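Have a look at these structures, which come just after this line.
In the two complexes that follow, chain A is the common piece, with chain B as its partner first and chain C second.
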Partner chain A sequence: MQRGMLHTIGSHVARWVVVIVFAVLLAFPFYWMLITTFKKTADLYTLENNPFIFNLPPTLEHLRLLFGQTAYLRWVANTALVGVIVVTITLILALPAAYALTRLTGRWGQPIGIGIFLTYLVPPTLLFIPLSRVVALLNLQDTIWSVVVVYPSFTVPFSVWLLMGFFKSIPRELEDAAMVDGLSRLGAFIKLVVPISLSGILTVVIFTFTLVTQEFVYALTFISPESQQMLGVGVPTFLVRGDVYYWGSLMAACLIASVPIAILYNLFLDRFIAGFTVGAVK
Partner chain B sequence: MAVVETRALTKVFKEGEVGAVNDVNLQTREGEFLVFLGPSGSGKTTLLRMIAGLEQPTRGEILIGGSVVNHLTPRERRIAMVFQSYALYPHLSVYKNIAFPLKAQGVKKELHRQKVEWAAELLGIERLLDRKPRQLSGGERQRVALARAIVREPTVFLLDEPLSNLDAKLRASAREELELFHKRIGTTTIYVTHDQVEAMAMGDRVMVLHQGYVRQIGTPTEVYDHPSDTFVATFLGSPPMNLLENGEAIVGFRPEHLQPVELVPQAATTFRLRVKNKEYLGAEWILYGIVSGGKFDGRELISRLGSAASHQTDQTYDFGVGEQDLHFFDRQTEKRTGAKVLAWR
Partner chain C sequence: MAIGQSQAPTETVGVMAPPPLAEGPRVPWRRTPEGRARLLGISMFAPAVLYITALIGLPLVLAFVYAFTDVKVGSATSHWVGLENFRSILQSPSFRQALLNSFIFTIVSQVLVIVGSTTLSLALKDKFHGRGFVRFLILLPWVAPISLGAIGWKWILDSLYSVINWVLVALHFYKPYSAPMWLGEPVLAMASVILVHTWRLLPFSTVILLAGLTAIPKDIPEAAEVDGAGFWRILFQINIPMMLPIINVAVLFGIIFTFTDMTVVYILTAGGPFDSTQVLPSLAFFTGILAGDLSQGAAISLFLVPILVVVAYLMLRMAHRAEIT
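Take a look at the complex of A and B:
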């Protein structure tokens, strides 16, 4: 009895320790960005100061620099626009491709799927050279449209592979049933497979969007003008001048860009994890 | 309602290999409950899927209601199918599951509620309409699947092992429910199973399949009492029929016909059996005996006895079989033949 209670308390404590350690670890970058955003540069650079608190009163000067003297809002808008377009293109290509590979190509589907995924592993640092020719040929250099063309080259393979996993988990009999019930294969795909794999599709959307926001090599090599920059390149390029780091503004830029994505992730967390097909089969 | 017919229907999955379904000719009767019975891999599900239009036949024709439907998609065949897994749509409520075929086939929206309620009432699931499939028990899921199948008033019902995933107790009641359901709606039904008890209990006729070939088609009495070959003879009945090679013939007799000799006054032949093992099944005993002496020395025979039997293991008893209970098969073809006079000693 005594030992049992001790054991319960012990496991409670252990659980909380793990939770707290991870929470602190994961929240710390956000805290650091937040505090640095509002810290005076003098406060930041004085090594005797406690770095975790405000030693001098907070300031808005970094935000003023970010919004007043760089095209930060324009970069956010560019990135969001490219993100939405690339997500759309990715879904249009990857959904039917993944479905066809899982259901219609028989035993070749899986190897081809893996083959497609392998192209995702070719590093952009190699690919940007031939792709720059493509971009030049299409006359898209120095516009956001260059990356709109290039990004699907890695988002589509990854998404196809991801979606194949989701489609495979849908029992085949469900589609058979839908076709007997009066849908064509395309109808069954749109009205049955897509709604059932909603969690997979959402995962693809968020993954694709994240890949677009964090991509660096293509955005750096294909686009130069400040007004056409993507967030990932604009921020380090224009807020690091020579060896001068505008830490406050850098952190502000990162914080503003990452919070919406973090919220989005948390909002759909259940959907990612949800065993969505539970109850479909006995 | 309609009649389903197949003509020389064949399905070969991989060229050069043995077909999954070979030259199947069958014709259902109006409103009949036809059972496809066979072990796994016998081609019964493939045959059903071809009738449904989910699988393209390699050769042969399928007719529903008198016209060839080979080129028609599943939805154009006006059939309904209940799957082994029930295949309920997990993201839709029971109501929407049942209404799904109506919606898919463009039935006017005003009629949906009325039809769904009719089907739900028929199966006694009115109170489940707002639930999701995952909140239902196995039996309830089966009823929802049936309601979804019946709602569009199909010409033919196809059922693919719908009871195989239920537990034993539920299976018996679900079976009875299916029988009553068929009586009430009277639609031609094809039912696939590997369970001979289901087949015998439910089928108006039973079609026995083995390795893609039809071995026999007939009423449960016909296939049990007059099996067309040794496969059917041993596949139906549990424990299976005893078979003994005797000259040019194979002779078979069911365990329930191998009885203590005093109960078989007109025995065609008798065996002296040493009881190797016995199983008590409540209502009956199953005796496993080894023939001792004579032409069949050492062969194992199975006898099924009433619960009052008191045979002891390792003791020897005399058993006999009546003339009328013997089945004769050709030794080469294993097909049923007429009665023969044979030497038993």
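Take a look at the complex of A and C:
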């Protein structure tokens, strides 16, 4: 009996040790961004100072520099605009496709769906060279429109896959009843299936938006001018002047962009994971 | 189960048009309800398929074509050069280094990710107070844009102001100004790049394993414990074997996300010092985009294809198996 109790206490302690060690290791860089954001430059660059505490009073100088003298807000706006347009394109393409593949194509739906999902595995680093030429031919290089056109190529496959899983869970009888009542197949899709799939659609919206903010390779390849940058490329490229790193402003820029995205993503995490594990977990 | 009229006969439509009616004029299959549903279906998924074909299929073909020509940025014409690009990159020391590094980068980081995420997911599987907040902290590296996370690490690993070095000096492992240059020495730079990538992928792998763990019945490990099996025995003979299918999923995605990634390397070291952290994707970028040699860049990136094909095959086999069971 006593041995059993010791065992339970031991496993609790072990669990907490593991959880705390990993949480500290994984979250530390973000804590470091936070403390760096508010430290005076003189405090940051004095080697004798203990870096874990404020040796001089906190300051807002880095935030002022970031918002007042860099194109940071412009990059935030660019990223948001691209996000909204790519989400729209993704929904327009993925919703009907996912519906058709679950309901209208019989036994070909699943293989085509898997084929579409597999294209998600073709990485940007294999396609960026030919695409840079395509983007140049379309005269889109150095504008945000280059990524607006290219991003749906990786958001659509995953969204189709997520939505297929979602539509499969809607009972067929609902649509059949609506069609008996006089709606066409298309009408049943638009007036019935889309409204009851709102949470699936919202999942796709959030997932697409986070993919857009996380993307790096295409934005780096297609866009060079400072004013047209996306967040993920603008911050590491243009907040470094010559060889000088403005660490305070850099860390502020990283933190401010990361945390909202992380919160959004967290809300929908379980659904995204379901997309990755379809078939393996049942 | 009331299956709609449009569905039941589809099985035959899938193979051929329905048999002609015995009497009366033949109705073209497009006019039958099944045929119309089929046409509607095709017109609904065709736009997505066309978009993907234009922006993934076509560039993929172009990547192969470029690799056999001498196309450069800005050149109007190009010529077929056969295997010339491959011969020249295979002779280049940078390429050989990048090929080797890509495998080291992928294998080492995946081993670390799997060991770490298995440990962490087992620790997180039961509900406890504060689990939601812990999950948020743990997920940060995966959900934050990786280029920004990597910049955070670049500051942590700074040659002069590294917080790690400050701690090492404070603990008297090193004298001031003699602590390691994490990103400036070949072996340390490679280790740093691998660790930062592990940091980035560990949360992803952990949540996938957590999803798998919820599907494992709890009573088997519990019964084994009642029978007197110890912690390690339950771990290696029950928990881990039962987790294997989901570990496979995590590893396959992990391999793709690692072998094809250039962001961490690009931000932290740009492949340096002396190509010691160069990987295939970053070398393809420097050669094809920055130096403008599209054909050689394409040839380098084609070396990603065999790995992608193997992973895709394994995923298909897994999906197929899951359908049967």
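Note that the second predicted complex is superposed on the first by the 207 of 282 C-alpha atoms of A that agree within 3 Å, B and C clash if a C-alpha of one lies under 4 Å from a C-alpha of the other, contacts with A are read in each partner's own complex, and residues count from 1 in each chain.
Following the convention adopted for this analysis, a contact is a pair of C-beta atoms (placed from the backbone, for glycine too) under 8 Å apart; a residue touches a chain by one contact, two chains touch by 3 or more.
Owing to the predicted nature of the structure, the values given are computational and were not obtained by experimental measurement.
**Student:** If you tally the residues of chain A touched by each partner, is the higher count for chain B or for chain C?
**Tutor:** Per-residue touch count on chain A favours C.
**Student:** Which partner does A:Leu174 reach: the first (chain B), the second (chain C), both, or neither?
**Tutor:** first
**Student:** In the overlay, answer first, second, both or neither for which of chain B and chain C A:Pro130 touches.
**Tutor:** A:Pro130 sits against chain C, while chain B stays out of touch.
**Student:** Is A:Ile112 touching the first partner chain B, the second partner chain C, both, or neither of them?
**Tutor:** Second partner only.
**Student:** On the A-aligned overlay, A:Leu192 touches which partner chain: chain B = first, chain C = second, or both, or neither?
**Tutor:** The answer is first: A:Leu192 touches chain B but not chain C.
**Student:** Which partner does A:Gly182 contact after superposing on A: first (chain B), second (chain C), both, neither?
**Tutor:** Only chain B is touched by A:Gly182; chain C is not.
**Student:** Touching chain B and also chain C: which chain A residues?
**Tutor:** In chain A, residues 173, 176, 179, 276-282 are touched by chain B and also by chain C.
**Student:** Taking the touch rule as given, give the residues of chain B at its contact with chain A in the complex, in rising order.
**Tutor:** 49, 52-54, 73-75, 79-81, 83-91, 100-101, 104-105, 132-136, 138, 141, 148, 152, 165-166
**Student:** If we count contacts the way the header does, which residues on chain A are in touch with chain B in the complex?
**Tutor:** Residues in contact with chain B: 171, 173-174, 176-184, 187, 191-192, 195-196, 198, 276-282.
**Student:** Can you check the complex and tell me which residues of chain C touch chain A?
**Tutor:** Within the complex, chain C touches chain A at residues 1-4, 6-7, 10-11, 13-14, 37-38, 40-42, 44-45, 47-49, 51-52, 55-60, 62-63, 66, 71, 116, 119-120, 123-124, 126, 128, 134-141, 143-153, 155-156, 158, 160-161, 163, 166, 176, 199, 202-203, 207-208, 210-212, 214-215, 231, 245-246, 248-249, 253, 256, 260-263, 266-267, 280-281, 284-285, 288-289, 294, 297-298, 301-302, 304-305, 308, 311-312, 315-316, 318-319, 322-323.
**Student:** Which residues of chain A touch chain C once you look at their complex with the stated criterion?
**Tutor:** Against chain C, the touching part of chain A is residues 11, 14-15, 18-19, 22-23, 25-30, 32-33, 36, 44-45, 47, 50-52, 92-94, 96-97, 99-101, 103-108, 112, 114, 116, 118-119, 121-134, 149-150, 152-153, 156-157, 160, 172-173, 175-176, 179, 185-186, 210, 213-214, 216-217, 220-221, 231-233, 235-236, 245, 247, 250-251, 253-254, 257-259, 261-263, 265-266, 269-270, 273-274, 276-282.
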